[in-house]
Structures are given as structure tokens and as C-alpha cells.
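The data blocks that follow each hold one structure.
Note that subunit A is present in both complexes that follow, paired respectively with subunit B and with subunit C.
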Partner chain A sequence: MSEQRMSAQRPYIRSTDGWWRDNPYYVRYMLREFSSLLVYAYGLVLLVGLVRLSQGEAAYDQWLEALRNPWALAFHGVMLLVLLYHTWSWFEIMPKTLPAIRLGGKRLSDGAINVIGLAAALVCCAALYGVALWLAR
Partner chain B sequence: MDKRVESENLVETIEIEVLRYRPEQDIGPITQRFSVPYSNTMSVLEALQQIKDEQDPTLSFRWSCRMAICGSCGMMINGVPKLACRTFLHEYYPARISVAPLKHFPIERDLVIAAAQYIRKLESIKPYIVPREPRSLEQGEYLQSPAQVERYKQFSTCINCMLCYAACPQFGLDSKFLGPGVLSLAPRYNADSRDGARDERMAMMHTDEGVWGCTAVGYCSEVCPKDVDPANAVNQNKMTSALDYFLRFVMPGRTT
Partner chain C sequence: MARTLKRSNAPIFWLLFGAGGLIAALIGPMLVYLSGIGGPLGIGVPEGMMSYPRMLAFSQHWAGKLFLFVVTTLILWHAALRIYHTLHDLGFHTGKVLTSSLYGLTLIFTLIAAYALLSVSF
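Right, the complex of A and B next:
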């Protein structure tokens, strides 16, 4: 009789290299995570502005001047799109990260959480611009 | 010409490409194509059964109930984790269908994955009610209000099919991660008013292999055939875990 066993156990482990390219869902996830790094980068730009402000008017004006550079403007254009995507992706995943909210015994739907979140972001942005405009009068 | 052959030629067929792995002869997985008679009521599981019955009896796969309740026939169908019994050929016909074992698990043989590690994790969170207080038969049953049932009902429909594990890249990258299924079953019992083992389960949930190993990819909830919404269960528990962490400073005597 052959020595070969029919029940030979030799579990095969598949590689996970390049896993995020396997599925469009993972690509969107990676974009969401990557956009948070760019949000961080833009936070640094604003932080530099704050430091320059503390150094006096001349320093602050220099920072403002630097931001008028065409490259800086292009950077802002890109950042606007990134931040819009980041905001959207944040509220898109929100129904998964929030505990179930019940209104009158019924669970608030995922779509409702998306819409309320985005509306809140919109209202906050509008309020912030309102205050900024009012201060700059 | 033979009438039988002629009529056979008229049968519509669909190509099924199966990832095979026979540990006693293959170094690694290989693909094999089969041509299966097509009908629009046929599931992918039935196609695999046709192959096993009529073409190659060595093809191995798990199945049992054929009606999406036993959770045995989870596999990657065109790269997406699905139950083969409730995925139908007509969703793909006339294109070829590729079938592979659930991703992120070691392949035992053909479409059969090694699930022992999952079972160990499942056991570790005590997926059963540990009575909060002992009751004698004379005291009667443990009563629960509909509102109390509502708190865990959604998470109680899990059939342990492991599709969410095949959807979870964090589990793929680190198999020690308890994973979406087990992390949704723990809150199912924690949220049960009759249960008293919450502290033991939370001790496991607090770790990096517990809820904190989740990065909210969310694909587990997309593929769940029972709408358990594991991503929601896991992320709710991040909040519970964080609360437990801070509460122990203000409420001495808490064990977790």
C-alpha cells in the first residue's frame, strides 16, 4: 500500500500583499485614511500661521504673502477637495461608529445619520465663516 | 446524428473556475475550470455539487442547510465573501464565475478553510448566557421585556459563517485579532439582561486584539448575510471599552 495519507494536513496561508487593491471598498478606505494625513498636513500650515502671528504683524504678513504664491494657491485648491472628501468619508462611516440611536422606539437609519452629520458640518462651517466675516468687518 | 448528443449540445453552460489545493499533491493552490449546465434557479453551491457528483468527486467544500442558516458554505465568489447557497448563477451568467476559499484563513483543502482558530476565539468570549443570579426551577423563567430583547436582538442573528473575517483586512494582517464576528457576539451576551459575565468578556475586548484592533473599514457589515452589522457592534464597544477605562478611576471596585 502506498504511504500517501489521504488526510495530509498542510494548511496553505495566502499572502496579503497589496490587499487594499483587491476590492474598491478597500481602496476607498485607504483614501479615507490617507486624507486624514493631508488634514494633518494642513493643520501644520495653520499652526505655522499661529506661530507667525505670535511673532508680530510683520511675520504674520510674510506668512500671508507666502500663501499667495501660485503653488500655495494650487495646494489650497487640492486641500479643499481633500477636506470635502474627508468630511464626506467621516460622516459616511459614522453610522458604524455611533451607538444605535432610538427615536420613539425606532432605530435612526444610516442615511439619516449621514444627512444629519453632513448638515451639522455645513452649519458649523457657515457659522465659522459668519463669525470670521463679522470679526473682519 | 445521435439525438441525445444533439440535445446535450443545446444545454446552456456556465464556466466555474475553482481555486483548488490538495495538500498531498499541490505545492500551492491552483485554478481548475469546470463547465456546468446552467439554469437560472441554480445556486453556486448547486453548481459545486454538480461538479462533485458528475465531474470530479475529489472537489472538497463545506455545506449543509442550503438555505443560508447554517453558515457552512461561505466562500469568495468573484473575490467577494458570500454564502454559496444564496448566490445564484444568474447573477453572473454568461460570465465565468471564480470560486475560492474564504480569504484570510489558511486553506485546509480546496474550498475548505482551517477554522480551528476562529472556534477557539469564539469559545474564549463565552458565547452563551452566564446567569447573573442562580435561580431554582420553582422560581420560574428569567423574564425579559421586549425592550430588553431589542438591545441584543440584532447581534444575536450571527450564524458564524466567517464572511466578515474574509472581509476584514485587519484580521488578514493579524490573525490574532478577535475579529468582527466574535466581537459582535460578545456584546450580544453583554447586552442581555440575564447575563452576568460582562466583566470577563470586556477584559478581552479592551485589548489590541479586541475592539481596538478595528480600524472601521466597515466591509464586514457590507458582506454580513444576516445584517448583524459587525462594524457597528465593534465600534460601539470601543466607546464601552473607553468608558470602562475611565470609570475605574471614579468608581473604585469596578473590576474592568
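Right, the complex of A and C next:
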């Protein structure tokens, strides 16, 4: 940057306010980024549950009752969508985050990695559901 | 160079982010359904799946304890790193103060989770 533009009195500072608003791609990116606050909030809901569980039956039942509140249910409905999207996008970008996998001299295709990842998620969700049913039998 | 280069602590947070992200991607949707919708309402799951005696017994078993601790804390660490980068994207100066408050708070929550789970005994 030239000396004339970077004068000592008025240094040029490029504004970064709202840089993402004009491009639909960046709007989607930021929506996804903002969902991290919801994910943190969900972690806190679980944490409060653990604390209430350690405080005894009355405390825990209060927490469980609070989860039946329409607002709590709406929150978890949104969380369900957020996490479904998280699952989808996690395995969608996985070909870029993994080192190349070679099978029999051929590089495992991006599409194959996506499918394997999503299938693994399906299996893990089914397994968790199965374990929950088995424990509560 | 006058300053000595220090080892970065970033890989620790990336590791926690990655582990939490992978767990959330693999079981997140089902976990939310069980803990926040099906469990509290008793829809699609046995009656009283989330009742106090059941959850207490689950949290007293070492495997249940480990599951609850890992899931709860890794979700928080995963989200913490993403919040950090979101703040950076919004132009906040993600210096020492912000980093240590965000990760410090998450560390406190991690310790609270450990304390709660250890106090329900084995």
C-alpha cells in the first residue's frame, strides 16, 4: 500500500461489517456458523440435566418437566433440523478433510466417501435408538 | 527474531472440535430426538425411558457415565471452537481475552459435568 493512502493521521481501515450479506453463499455459510450458538445451548441443556440428576429426583423431574414446555420442544425441533444438516454437511465435506484413501490402486471417490459417511451415521443413529430401547425395556 | 516461538495450543481445540463434530454427525439427530422430543414426551420410546430411576442407573454405570460425559462436553467444545471462528468472521478481535473466556467457560462446564457425574457414584 502506498504512503499517500496510509497517512499517519487517517490510516485506511477496511470495513468488514456485514461482508457476508450480499452473497447468498456467504449468507448460508453464516447461518450455519450462527447455528453453533444453538449447538452450545443444546450442550448446556444436557449439562443442566446432568447437574439436576445429581441433585436428586425432585430436581431431575423439574428439568424433565421443563423439557415438555412448548418452547423447549420447539428448540429441540430446530436442533433436530440443525443436527440433520450438520450430519449432511459433515460428510459432504469429508472428502476434502480426509487424506486421499486408496483402495486397490484407485482413489476412493468423493461420492463414495459421502455415501459411506451418511450410511455410518444412519447405522449409529439406529444403534443408539436400539440401545435406548433395550435399556428401557 | 527476538521473540521465541511458542508451541501453539490450537491443535488441542481442533481435536476436541473434530471429535465433537464427528460424534454429533454420527448420532446427533437421534440424540436430540431421544433427549429432547421422544424422551420427554414418551413418543416412539418406552414409557418412562427418561425417568429418574432409569437415568440414575444409567449414569451410575461406568459406560453410561462415560457416554454422558463425552457427549455433553464434546458438543460444548465443538460449538465453542465454531463460535470462536464465527466471532472472528464478524470482525471481533479474537485475542487472548475472548479466547480464554470462551474456552475457560467451556472448561468450567466440563468440570461441572465431571463433578455431577462423579457425585452420582458408581
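General observations
Methods note: the second predicted complex is superposed on the first by the 119 of 137 C-alpha atoms of A that agree within 3 Å, B and C clash if a C-alpha of one lies under 4 Å from a C-alpha of the other, contacts with A are read in each partner's own complex, and residues count from 1 in each chain.
One rule holds in what follows: a contact is a pair of C-beta atoms (placed from the backbone, for glycine too) under 8 Å apart; a residue touches a chain by one contact, two chains touch by 3 or more.
Remember, it's a predicted structure, so these values are computed and weren't measured experimentally.
By the touch criterion defined above, A:K106 lies against neither subunit B nor subunit C after alignment on the C-alpha atoms of chain A.
In the superposition on chain A, A:P95 contacts subunit B only, with no contact to subunit C. In the superposition on chain A, contact is made by A:P11 with subunit B only, not with subunit C. After superposition on the shared chain, subunit A has more residues touched by C, the comparison being subunit B against subunit C. Of the two partner chains placed by the overlay, only subunit B lies in contact with A:D22; subunit C stays clear of it.
The contact surfaces that subunit B and subunit C form on subunit A in the two complexes overlap at residues 16, 20, 33. Those residues of subunit C that touch subunit A in the shared complex are 21-22, 24-37, 39-41, 45-46, 48-50, 52, 54-56, 58-59, 68, 71-73, 75-76, 78-80, 82-83, 85-86, 89, 91, 109, 112-113, 115-117, 119-120. Across the complex, subunit C is touched by residues 16-17, 20, 30, 33-34, 36-37, 39-40, 42-47, 49-51, 53-54, 57, 60-61, 64, 67-68, 72-73, 75-77, 79-80, 83-84, 86-87, 90-91, 117, 120-121, 124-126, 128-129, 132-133, 135-137 of subunit A.
For subunit A in complex with subunit B, the residues that touch the partner chain are 4-6, 8-14, 16, 19-20, 22-23, 25-26, 29, 33, 93, 95-100. Looking at the complex, you find that subunit B touches subunit A at residues 21, 23-24, 28-29, 79-80, 103-104, 106-108, 114, 154, 169, 172-173, 215-219, 221-222, 229, 231-232, 235-236, 238-239.
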